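After this come two complexes, each holding chain A, first together with chain B and then together with chain C.
Take a look at the complex of A and B:
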C-alpha cells in the first residue's frame, strides 16, 4: 500500500476509535434500561421488558423529575441574567478592578463544590434557612462562570451599532432591549440558560450535602439505587430518562443558535 | 462590541451591573469555605467549646497525605488522557470529519454520577465488556474497585476529553484556520504546521480547559465513591465519609480534608497561570 493510502486508513481507524470511545460507555444503560433478566455470561438480555422503568416509577421518579426540573429552571432563571449583566459590564471595560472581578466570577469553576457545600451545611442549619433555597444558591454560584463566559464571548462579537441606529430612529430604551438586544443575543442567552439548567438538573453532591435527604432529585434517586446491588435495570432506566430531556434541549438550542447565527 | 477609542472611564456605577453575579459568588464561596476552614481549626465545634487547634489535620496527617496523593494521581491521569483524546478530537473535527465531535457532544449532558453508573455496567467483572470478550469472572482484570482506579480514571477522561475537545474546536475554527492556510501556502509541511502553528495557538485553550478538568476531578465525589475501592480513598470521599459519620467529633476532620482539597485546586491554578504567562501568544 502506498503512503497516502496507509495514512487515509490510519485516519479512518482513528476517527472510528474516537466515536467508539464516546459512544460505547453509553451502550450498557441503553440495554439495561429494557432488560428484565440479564444473567452474567449472556451478551444480550434474556428477557426484555420495562421492570426497571416500573421500579423507578414506584420509587418516586415522577416527583424527582419535578424536583430536578425545578432546580434546573431556578438556576437558569437566576444565573443567566446575572451572568449576562456581568458580561456586559466587563465588556464595557468600565468595571473597576476587572482582573479581580473576573477571577472571582470564575472561581467557582476551580473551588470544589463539595467543600463549599460541606462548610455551608452547618451555617444553613444554624440559620434555620430552608435547605432547597441554599441548594439553589450554591448551584447558581456554580453556574455563574458558564453564563458569564458564554455571554462574554457573545458581547465580544456583538455590534452595538444596531442599538445606536434604533435609538437614533427614536426607539425607547425598553424597545431597544426587547426588539434589538434580546433578539440579537438570543442564541447566546439560550446557550447560557441551557448550561445553567444542566448545572441544576445534574447536580448530585450539593443536593446530597445540603439537601440532607429532603431534596430528592433524579441524581439523588439514581445514587441511592446505584449504591446497592441488583438494581442495574432501575439505575439504567432512571439514567436514560435523566439524559434524554437535556439531550433534546441541546439539539434544539444548537439548531436555534445556527439558524439565528446565519441570519445576523 | 464597539467602544469609543481610548481607555474607557472606570466607574463604580458600572460596577452595579456586576453585583447580581459577584455578590452571590462572594457570599456562597466565602461563607462555605470560610466555615470549612473555621471548623477544621476547631473554632466551630458541634459539641464542646471552641479551641484553636490543628488537631483535625494532625490526627489524620498520614491519611490526608495518602488521599491527597491519590486524588492528584487520579486527576493527573484522567486529565492527561483527556487532553490527548480531546486534542485528537478537535483536530479530526477541524479536518471536516465531525462524527466524533457529535459523539463527544452527546456526553456533555450526561452527569458524572450517571457516567459512573454506566462505566460500572461496562467495565465491572460482570459488565458488558467481560460478556463481550467471554471472560469468566476470574479472567477479567479488576477495573472497577481495583488497585489502579482504572474505571474512575476512564470515566473522568471520557467526559473531560469531550469538554477539552469542544473548547479547542472553538479556538481552532475561529483563529487557527487562517494562519494554517497561510503557512500551507508558504510551503510548510503538515507536521511543521501542527508543531509551529496549531499547537502554539491552541496551547492557552488546552491549558485552561485541562486545569478546569483537573480541579473538577480533584474535587469530585460520586465517581470514586461508586467505582473506587474502600481504602485508600480520594480526599472528597474521605471528607464526606467523615462528614456523614455518626461521631460528631469527626466533623473538623471532614472540614480539614475539604480545605486541603480546595488548597490543592488553587495550587493547580497557580501552576497553570505560570505556564500560560510563559506562552508567547497569551492575550
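Take a look at the complex of A and C:
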C-alpha cells in the first residue's frame, strides 16, 4: 500500500474513532432511558418501557426544565450584552490597566467554580438576595468570561468603518447599534448567548450552593436521582431530555450564522 | 444639494504625537465645485476628510457649510456623506437596501426608502442589481453602489476618500465618467482625496496639496501643474525639472542661461529653483540662438518617449510628442516657452 493510501486510511480510522468517542457514551443513556429493567451483565435491557420518563415527570421534571430554561435565558440575556460591552471596551484600548482588567474578568474561568461559588455565597447571604436572583447573579459572573472572550475575538475582526459610514449617512448612534453593529455581530452574539445559556442551563455547583435547595433545576434533579441507587432509567431519561433544548438552540445559532453574510 | 464648504485653521493633534497630523488647514470649495486634496501617504488628507465629516474631533479650527459652523455638530447631522477607499457595503443588506440605508435612518418605511433609492442606483447604472447580495457583485460595482448609497443621503457635501484607488485603470476611467455624470445631474459639492495627480486633474476643478499636515498649495488644476507653490508640490504634480539658480530683476540665471520669467511670476530677487513641466518643453533644431544640449537617455512613457537632455551639468527632461524620434547622443536645441517657466523660492 502506498504512503498516500495509508495516510487516507489512517485519516478515516481517526475520524471514525472520533465519532465513536462522542457517540458511544450516549448509547447506554439512550438505552437506559427506555429500559424498565436492565440487569448486569446483559448487553441489552430485558424489559423496555417508560418507567424512567414517568418517574421523572412525577418528580417535577417539567418545573425543573422551566427553572433551567429561565436560568439559561436570564444568564444569556445579562451576560451577552455585558460581555459585548466589556469586549468593546477592551478592544478600543480605552480601558485603564487593561491587563489587570482582563485578568479580573477572566478570573472565574481560572478559579475552580466551587471556590467562586463559595466566595460569592458569603456575599449573597450578607446582601440577603433572593435565591433565584442570587443564582442568576453568580452564574452571570461565571458566564461573562466566555461571552467576553468570544466577543473580543469578534470585535478583533470587526471593522468600525461600517459605523463611520452609517453615521455619515445620517444614522444616529441608536440606529448604528440596531441596523449595523448588532446585525454584523449577530453570529458572535448568538454564539456568546448560546454559551451563556449553557452556563445557566447545565450548572450544578452554583445552583446547589447558592440556591440552597430552593432552586431545583434539571442538573439538581438529575443529581438527586443519581445520588441514589436504582434510578438509572430516570437519570438517563432526564439527561436525554436535557440535551434537547441546547441542541435546538445550537441549530438556531448555526442558522443565524449562515444567514449573516447573505442578504436579508 | 449644493453648498459652499469652508475650512478654517483646522488642526488635529493625535494624542501622544508631537507633530500635528493636520496643521491649520484653510480650504474653500464653492457650491457645486470639486476640490481634489492631493498628498503623499501620511500627509493628513484622510484626517482632514474625517474632521470635515465630523468623524473625528479637531484640536482647533472650524468647518462651515454655507457660513454655518458645523464643528460641534455630530457627523450624522452634518449632511456630509463620505465614500471610503473600501466600499464598506453592509453585508447583511441587499444592494437596494444598502442604497436605501439613509432613507431608513431618516425614518422612512422600507418601501419608501427603496423607491427613493432606485433613482441613485439607476444613476450608477446598476438598476438591475437591486436585489443582489453585496457578496455577489464585483469590486467596481460595489464602489458604484457605495457612491449611490452616499448620494441617496442627498448630502450637502460629498467626501470621497481615495474611492477609486483599489480599482484597475479601466474601472477607474469608468468611475471618472460616472463622477462627471453625477456632477452634471446632481451638482454636489465634492472633496476628493487622492494621491494620484492625474486623477485629481481629471476629476476636480481645483487642487489642494497637503504635505506633512500643512497645506502647501491651493489653486485651479492648471496652476497646480504650471505654478506650484513649492518644489515638493511640483514633484507631487509629476514635475521632473528643477533647476537651481538666482532671480535678478525678473530673470532667472542658471546653467540653462538667463531666462525671463513670466510677468505674473514672483519678481523678488534671490535664490530660486526654476521648475518647468516636461510636457511643455520642445526639442528644436540647433541654431546659434537656441539652448543646446545632448540627449543622454530615452525613457519610454507609453506612446511617447521621455528624453533626458544634458545641458552643462544639468539634466532636463523633455516629453516628446508621439511622432518625434531622437537618438541618444544627438545634439538638440531646447525651446523653453515662457508660459512653462516658474521660479520657486526656498523660503517664504
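Methods note: the second predicted complex is superposed on the first by the 246 of 264 C-alpha atoms of A that agree within 3 Å, B and C clash if a C-alpha of one lies under 4 Å from a C-alpha of the other, contacts with A are read in each partner's own complex, and residues count from 1 in each chain.
Everything below uses one rule, namely that contacts are C-beta pairs under 8 Å (C-beta built on N, C-alpha and C of every residue); 3 or more make two chains touch, one makes a residue touch a chain.
Source: prediction; values computed, not measured.
Chemist: Of the two partner chains, chain B (first) and chain C (second), which one does A:42 touch, if any: first, second, both, or neither?
Modeler: A:42 contacts chain B only, not chain C.
Chemist: According to the stated criteria, A:3 is in contact with first (chain B), second (chain C), both, or neither; which is it?
Modeler: Neither partner.
Chemist: Which holds for A:167: it touches chain B only (first), chain C only (second), both, or neither?
Modeler: Only chain C is touched by A:167; chain B is not.
Chemist: Could you figure out whether chain B or chain C reaches more residues of chain A?
Modeler: After superposing on chain A, more of chain A is contacted by B.
Chemist: Look at A:159 in the shared chain and tell me whether it touches chain B only, chain C only, both, or neither; answer first, second, both or neither.
Modeler: Touch status of A:159: both partners.
Chemist: First (chain B), second (chain C), both or neither: which does A:226 touch?
Modeler: In the superposition, A:226 touches chain B alone.
Chemist: Quick one: is A:96 in contact with chain B, with chain C, with both, or with neither? Answer first, second, both or neither.
Modeler: In the superposed model, A:96 contacts chain B only, not chain C.
Chemist: Is A:58 touching anything from chain B or chain C once the two structures are fitted on A? First, second, both or neither.
Modeler: Neither: A:58 stays clear of chain B and chain C.
Chemist: Could you look at A:184 and tell me whether it touches chain B, chain C, both or neither (first, second, both, neither)?
Modeler: It touches chain C, and chain B stays clear.
Chemist: Which chain A residues lie in the overlap of the chain B contact set and the chain C contact set?
Modeler: The answer is residues 159, 161 of chain A.
Chemist: Enumerate the contact residues on chain A facing chain B in the complex.
Modeler: Within the complex, chain A touches chain B at residues 11, 14-15, 18-19, 21-29, 31-32, 40-43, 81-83, 85-86, 88-96, 101, 104-105, 107-123, 137-138, 140-141, 144, 148, 155-156, 158-161, 198, 201-205, 208-209, 219, 222-223, 226-227, 232, 235-236, 239, 242-243, 246-247, 249-250.
Chemist: Touching residues of chain A toward chain C in the complex: what are they?
Modeler: Interface residues on the chain A side: 159, 161-162, 164-173, 175, 179-180, 183-184, 186, 260-264.
Chemist: So in the complex, which bits of chain B are touching chain A?
Modeler: 1-3, 7-12, 14-18, 20-22, 24-26, 28-29, 31-37, 39, 44, 46, 85, 88-89, 92, 97, 99-100, 103-122, 126-128, 131-132, 134, 136-137, 155, 158, 161-162, 211-212, 215-216, 218-222, 226, 236, 239-240, 243, 251, 254-255, 258-259, 261-262, 265-266, 268-269
Chemist: Which bits of chain C are touching chain A when the two form their complex?
Modeler: 50, 53-55, 74-77, 79-82, 84, 86, 88, 90-94, 97, 101-102, 104-106, 131-135, 149-150, 153, 155, 159
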